[in-house]
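Both complexes shown next keep chain A, but they swap its partner, so chain B is in the first and chain C is in the second.
After this line comes the complex of A and B, so read on.
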């Protein structure tokens, strides 16, 4: 019984970390109609940068996440007019054109990472990474608990921004009725850019979070991307709490599956779940 | 206050509005009538900046606003409540109204305007926590007008505020439009299929057919014009 509880808790923690990695993608898809397949690749860059800052300067990964998030926000602001707007403009299906663009971007990033940091796997290990933390009578590694906390704070922060600030409401207005939004004076194009930059900013936090849990190499972004895409589809694009709920579900499947079933079954169960959900509720479970 | 001169708007190669000229004087309620597909909505969308005109001039309050984007036009106090209402269906009634006062000019007076709108539409106050998409057609129309008022308009453009409403509700909405003019001194430009009622409350009206303005005059004169009565009122 104890192993069930332990793996359930570790699954929930993993789910929170994945929620942080997925929330930005869901935000960009739901609110700016941009399909960013480079989301986890950008997150992975930040994982490497956190690793670099830790090993060369002794900077804690939490601090690194705090520094990298605003930096990536600026990167997002720069990417929008240079790469994304030209790709979206005058295109019948922006989801298709942006997904091809960002797939290319992800591959470029992967190769740059191999060049700079070699294909060898890296691990972020701090003094506290493997210290046990007590949680509901059970123990979990501190690094995982911190990564989960980062993800949870990020998701709740985005939810708060969208629903409790005037700017967040304006962002939702643009997604729900672009003409209606322009007629009350909202600059729809500016809101899309802001949402995209915010989404790239969250990629930093999500990426550092996952890098604190898993060992990673230049191609890790792809495994992360599969899981994150699954979470976004199950949660419903743009549904922030849906993303959290889907991520927790995936975390539980991964946690319990990892403890009770052979490793090979994990993906089978997850993507089997995805098939069934796409058949029954193609717009997402929580939307 | 608003002057549109020889406006032309195209959808691809197809002209939707050709050489259309209209005028709205301050304090007036002006009607724009005509059959479906005449180009009324296209004309209004070009005025508010949702569409770019191919030719012609649009002047508002001395500004040449031809080709301005909608968000800048709104800033001047020209507020357009579009056909189909333009609401945000998954936001609450209250949030829809608050977004109406998005621009700084309107936001500083948001609380006061909100109270005025709720006085005008007590029903919206009752439903303020409800999602806009769950309102009835009549309530959604009230919300659309309410949201337009939140922007503190100097000219309010209403495109088909009576579309899809029961005759009784359509009557109520147009009576309210009249009150906006008489009680608040608002200037309005209104399109409606309720031609007889609209001409009864309007000061001046334009008739549009196949993209052109084909008749204009004081509403009382148009209403007694035998040809108008035959075509639009069915009498």
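After this line comes the complex of A and C, so read on.
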């Protein structure tokens, strides 16, 4: 019985970390109609940078996440007018055209990472990474708990931004009715750019979080991407709390599956769930 | 296709078929064989992905199904893949018909992701099925003969399949089916309202496309004399084939041919001279570049040709 509880807790923690990696993708899909297949690849770049900063400068990954998030926000601001606006504008299905664009970006990123850091797997290990933290009588590694906290704070922060700030409400207005939003004086184009840059910024935090949990190589973004896609599809694009709920559910399933079933089943469960849910309810379970 | 274009294509085909008689280096034969393979793959992808605009990320699933079909026929019944490769195509087509109905009802990126998942799932199933060789794969013995003859046989076979696939794509393009598919690409809701059974057309296109892809796969496994999930369900193949189609331009049949030729040469050049990672980065950049010319290279060519035509002096719009 204890193994079930332990894997339940670790699944919940995993879910929180994945929520941080998924929230930006959900945001970009729901609010800017950008289907960003490079989301976790950008996160992985930040994972590698955090690893680099830790091993060469001794900078803590948490600090690195704080430094990289604004940096990636700027990267997002630069990517929008150069690549994404031409992809979105005047296209019948912006989600499809951006998915092709970002698949290309992900391939470029994967091979650049492999060129710079070799294909060998890396691990972020700090002094506290493997220290046991006591949670309700059960223990979990401190690195995982911190990554989970990072994800949770990020998701709640995005939720607060979208629903409690004027800017966030403007972003939602553009997503619901771009023409109506323009009529009341919102600069729709600017809002799309802002929300996209924000989503790229969150990729940094989510990516560092996942990099603190798993060992990672240049191709790791792919597994992360499928997990994150599953979360976004279950939660519904643009629904922030839905994403959190979906991430916790997926985390528990993966945690329990990892503890109770043989290794080969993990991918099967992940791919199979995503396959079935996409076939049945591509626009989210709760809509 | 105009008469001149048809004659030109025939001439090129005859010249290419005669090429092995000039006793070329083995490397040239092998390179061209793989290039023909990618022409066939990109062209068959285009039937659904280009004409109907349904971008499949996972066409390698059908490729792998074809490869395993001919491999099993060889190992269990002793039938050579040189003869049974059309059976590989039939199996792939049957597989597409089986999974296709729910899949073609999805739109945009959801369709793309689901096709990707099909490739992943099939690969995973094969990996965990001992009867199919599992992760280790299956070795395919080739009859004892000089390597030159062996390579020449595969060269001709791939050339044949590429020609058949180009013919099929050109036929679809000028048929009622192609017209329906293009209507779906331009506006599916309007096409449906105009009485086109869009699901049926998409399904036909998927089955045809998968069948041609499976046929190519059926030869490829034997060419490598080894099939394993890593080789025949390789996602790099899936991405490369539709990159070639998009880059060359997948609205008209010459586009994928152009894309496959240019990118094969570019990829080979970069891999040999700099490294495989750089070649893959170049491919990724080409995929990004497609954003800026959605009709591909062939679209650019068309634009130049139209603008170079003397301006029509009459009152009607210029005929293309």
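We take it that the second predicted complex is superposed on the first by the 272 of 287 C-alpha atoms of A that agree within 3 Å, B and C clash if a C-alpha of one lies under 4 Å from a C-alpha of the other, contacts with A are read in each partner's own complex, and residues count from 1 in each chain.
One rule holds in what follows: a contact is a pair of C-beta atoms (placed from the backbone, for glycine too) under 8 Å apart; a residue touches a chain by one contact, two chains touch by 3 or more.
Predicted model only: the values in this text are computed from it and were never measured.
A.B. asks: Which partner, chain B or chain C, is in contact with more residues of chain A?
C.D. replies: C
A.B. asks: Who does A:224 touch here: chain B (first), chain C (second), both, or neither?
C.D. replies: A:224: touches no partner chain.
A.B. asks: Please work out whether A:51 is in contact with chain B alone, chain C alone, both, or neither, and reply first, second, both or neither.
C.D. replies: A:51 sits against neither chain B nor chain C.
A.B. asks: Is A:183 touching anything from chain B or chain C once the two structures are fitted on A? First, second, both or neither.
C.D. replies: So A:183 only meets chain B here.
A.B. asks: Looking at A:216, would you say it contacts chain B, chain C, both, or neither? Reply first, second, both or neither.
C.D. replies: So A:216 meets neither chain B nor chain C here.
A.B. asks: Mind working out whether A:73 is in touch with chain B, chain C, both or neither, as first, second, both or neither?
C.D. replies: So A:73 meets neither chain B nor chain C here.
A.B. asks: Once chain A of both complexes is superposed, is A:96 in touch with chain B (first), chain C (second), both, or neither?
C.D. replies: It touches chain C, and chain B stays clear.
A.B. asks: Which holds for A:279: it touches chain B only (first), chain C only (second), both, or neither?
C.D. replies: second
A.B. asks: Based on the A-chain superposition described above, do chain B and chain C contact any of the same residues on chain A, and if so which?
C.D. replies: none
A.B. asks: Give the list of chain A residues in touch with chain C in this complex.
C.D. replies: Its residues touching chain C are 35, 83, 86-87, 91-93, 95-97, 99-101, 103-108, 110-112, 114-115, 229, 264, 267-268, 271-272, 274-275, 278-279, 282.
A.B. asks: Across the complex, what residues on chain A touch chain B?
C.D. replies: Per the stated touch rule, the residues are 166, 169-170, 172-173, 176-177, 179-188.
A.B. asks: Within their complex, state which residues of chain C touch chain A.
C.D. replies: Residue positions touching the partner: 53, 55, 57, 102-103, 106-110, 112-114, 117-118, 120-121, 124, 127-128, 187, 239, 243, 246, 275, 277-278, 280-281, 283-288, 290-292, 294.
A.B. asks: Considering only the defined contacts, which chain B positions touch chain A in the complex?
C.D. replies: Of all residues in chain B, those touching chain A are 48-50, 69-71, 74-75, 79-82, 85-91, 95, 98-100, 102-103, 107, 147, 150-151.
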